[in-house]
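Structure record follows, encoded as structure tokens.
Which chain is which? They are A, B and C, in the order written, and residues in each are numbered from 1.
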Amino acid sequence: MSWADRLLFVDRRIIFLFVFVGALVPIIAPIGLGVTVSPPVQQVFDRIEEMQPGDAVMIAFDYGPSDGPELDPMANSILRHCHFRGVKVVGLSLFPLGGVDMAIARMRQLADELGAADGVGWVNLGYKDGAQAPMKAMGENIASVFPTDANGVPYEEIAMLEGLRNYNNFEMAISLATSILGEWWINLVNAQFGIDVAIGTTAVSAPKYYAYMEAKQTLGVIGGMKGASEYEELVERHYPQAKGLSRTATMGMDVQSIVHLVIIFFILFGNLMFIVTRGKKEAK
Amino acid sequence: MKRQIPIMLAIIASVCPVIAFFFPDRWINEWFNQRLDAWMVIIASFALLLGIVSMIQVNIHKIRRRARGWGFSIIILVTFTLMAAFGLFGGQGERADGSLYPFTWMFQFVFSPLQATMFSLLAFYVASASYRAFRVRNVEATLLLIGALIIMVGRIPLGTLIHPLVPDIAEWVMKFPNTAAQRGIIIGAALGAASMSVRVMVGIERPYMGKS
Amino acid sequence: MELQLPGFGQWIAAFFTLFVFSFLYKDNILYRFAESVFAGVSFGYYIGLAYINTLEPNLFSPLFGDFSSNWSLLIPFAFGVLLYLRYVPKLAWISQWSLAVYIGYYIGVNLLQRLHGEILPQTKGTMLPLNVEFGQLIGNLVVIVGVITVLIYFFFSSPHRGPLKPAARTGIYFLMISFGASFGYTVMGRISLLIGRLTFLVDEWARPLVATVFGG
């Protein structure tokens, strides 16, 4: 086996080690690189910025713990943004594997860091099975599928929800989605009920949503940790009160920079070795 | 009878949402369709739990036969029972004193780290696969590589440091060529799925009948 | 800030995280243990989730709290329970009734989603103007050519001959650029998950531990 072959078939644990160290170092010693904002994220921010105090937004927490590093910071900054603007947030979840607990945790964080009280600035309606069925039902009457909030308080008894009967009473719906749920918010809820829908999604799903965004089926896409860091940046730029609050996505993007470089190096190096070995084989 | 009833039920259930869509203000919508949506939430809930019966059967069978790794089956059944009991006989979220219900505690400190870490292993495998399999063998593979590199450089803060236009190039790729391809996939898949739906709606395809 | 040792929950979470990471070195009993706990807890979670969030508030509470107003809920309740007859061999055929309603409903909803929510708006979104400024014109042409050629690639499964051949080939090129972009995003997504776990280990477990033990 030639030296190039040996490098090509190196034990993969050595590659693992490079990735591990590349990720760990910037976490222990953050670098602090800047953030540039892209139009799809700006559009979502601007739409909330246009709203008046007292307007309502529906946020669907359609993701689980494995998407937390990407979608938690999005949720945090959107919740903060709504809080600063005095926009009411109605949270819910249609994703079975942990969505409701992600919603509980994010809203608890909002209450802890900014003092937003349950039932005043936000309400968490909890989780429902059936995905499209509750999506359709909410077009007529939200309480028909969410008779209580996540704490068991009846819908009609929550003062903040007064006048919020169906999608018509909301300015927009935001789905923080992994899997196909975000697409259903677009091709069912937006298509059939006309409410503006914005999508916050994992990086893996982001490319697909561009097709919906360009067809004006969603008004913006916040894609992955990068999108989340952009939203963090926008909120901090416009609201000085946000200074000092956690910005986990922005910190994470430092790490992304380093690990991407490691992986790009491996891709290019792998190809170089491939070309060298192919050249030798052809010569033989 | 055994064959006709499910076919009739499937046709009725599938036509209801379609009728409601075309006659949104008519009596069928108010009287029946909204109720059907609310009912489906309940039926879907039962359906979600269907697989659990098989899971219990498989693991009990494994323990009885002392099959390889039967000890792990015991762990599965014990943790399953514990978590289910916390859910059935407790609450969710925070108690009034600020402490967590055991169901939520287990989610936060057991389920959450396990699921998140399992998926995070993919970071290592994607790196190793990039090194071993990402080769510029032909035009297609080269385009794949170029697309990947543009995004990997254009979407990180370092990309801006290399040149301020780098993020714009990445955005252009996403907005035009990527949109075109994704749109082709969406339309293609939707045509396939829609025709499949029609086949089920008229009873040609019967996925609810199983193999029998 | 007052430093505290990591709490019991953090210790549990940290150990499980490390158990799973140990798989990277090689398969071992700690990983297998973590995997089994994960499977058990996930299934248990479904039960609690469905009961607390759907079955209790949407079915049991209204049905047993005010039966005369909500008796019609017996219908979905019955259909739901009938699903489980599939595990009783002699009565398994009855479970097909429930399954037929369940699948039928979602098929009907799906048909509308696809036709009305995808095919029509996506097609409309591809009918782009060509009397626009140069940069936009290029972009619009790329989208129009891309969508048509990708569809040609998908829909003509017979051997591509004549003008179809270069068209389908162009379609593949568009797909490859998009898949490449998706791959780039996938890398970013997977690393995000790793960042999440390492941040937890460093900030919520190791840092407070080291600081308390060594008086940071």
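By definition in this document, a residue touches a chain if its C-beta (ideal position, glycine included) is under 8 Å from a C-beta of that chain, and two chains touch if they have at least 3 such contacts.
Here the structure is a predicted model, which means the values were calculated and not measured.
Chemist: Which interface, named by its two chains, has the most contact pairs?
Modeler: Among the chain pairs, B-C has the highest number of C-beta contacts.
Chemist: Measuring from the mean of all protein Cα atoms shown, which chain centre lies nearest?
Modeler: Per-chain C-alpha centroids ranked by distance to the global centroid put C first.
Chemist: With centres defined as the mean C-alpha position, give me the chain A-chain C separation in Å.
Modeler: 13
Chemist: Go ahead and note the Å separation of the Cα centroids belonging to chain A and chain B.
Modeler: Each chain's C-alpha centroid was found; their separation is 16 Å.
Chemist: In angstrom, rounded to a whole number, how far apart do the mean CA points of chain B and chain C lie?
Modeler: 3
Chemist: Specify, in ascending order, the residues of chain C that touch 2 or more different other chains.
Modeler: 24, 42, 45-46, 49-50, 52-54, 58, 105-106, 109-110, 112, 114, 116, 118, 122, 125-126, 143, 178, 181, 185-188, 191, 193-194, 196
Chemist: Which residues does chain B have that touch at least 2 chains other than itself?
Modeler: Where chain B meets two or more other chains at a single residue, that happens at 17, 21, 38, 40-45, 47-48, 92, 107-108, 111-113, 115-116, 118-120, 123-124, 126-127, 130, 145, 148-149, 152, 155-156, 174-175, 178-179, 182-183, 185-186.
Chemist: Any chance you could list the residues of chain A touching two or more other chains?
Modeler: 16, 19, 23, 66, 68-69, 96-98, 100, 126, 128-130, 133, 136, 145, 150, 192, 206-207, 211, 214-215, 226, 256, 259-260, 263
Chemist: Flag every residue of chain A that touches chain B in the complex, lowest number first.
Modeler: Residues 8, 12, 15-16, 18-20, 23, 33-36, 38-39, 64-66, 68-69, 96-98, 100-101, 104-105, 108, 126, 128-131, 133-134, 136-137, 140-141, 144-145, 150-151, 192, 206-208, 210-212, 214-215, 226, 253-254, 256-257, 259-264, 266-267, 269-271, 274.
Chemist: If we count contacts the way the header does, which residues on chain B are in touch with chain A in the complex?
Modeler: It comes out as residues 17, 21, 29, 34, 37-38, 40-45, 47-48, 92-94, 104, 107-108, 111-113, 115-116, 118-120, 123-124, 126-128, 130-132, 134-136, 145, 148-149, 152-153, 155-158, 160-161, 167, 171, 174-175, 178-179, 182-183, 185-186.
Chemist: Could you pull out which chain A residues touch chain C in their complex?
Modeler: Listed in rising order, the residues are 13, 16, 19, 23-24, 27-28, 66-70, 96-98, 100, 126-130, 132-133, 136, 145, 147-148, 150, 152, 184, 186-188, 190-192, 202-204, 206-207, 211, 214-217, 223-226, 248, 251-252, 255-256, 259-260, 263.
Chemist: Which residues of chain C touch chain B in the complex?
Modeler: Of all residues in chain C, those touching chain B are 9-10, 12-14, 16-17, 20-21, 23-24, 32-55, 58-59, 72-73, 75-77, 79-81, 83-84, 86-87, 93, 96-112, 114-116, 118-119, 122-123, 125-126, 138-139, 142-147, 149-151, 153-155, 171-181, 183-188, 190-191, 193-194, 196-197, 200.
Chemist: Using the touch definition up top, name the residues of chain B that touch chain C in the complex.
Modeler: So the residues of chain B touching chain C come out as 2, 5-7, 9-18, 21, 35-36, 38-50, 52-53, 55, 69, 72-73, 75-88, 91-92, 103, 105-124, 126-127, 130, 139-141, 143-152, 155-156, 172-188, 190-191, 193-194, 197-198, 200-201, 207-210, 212.
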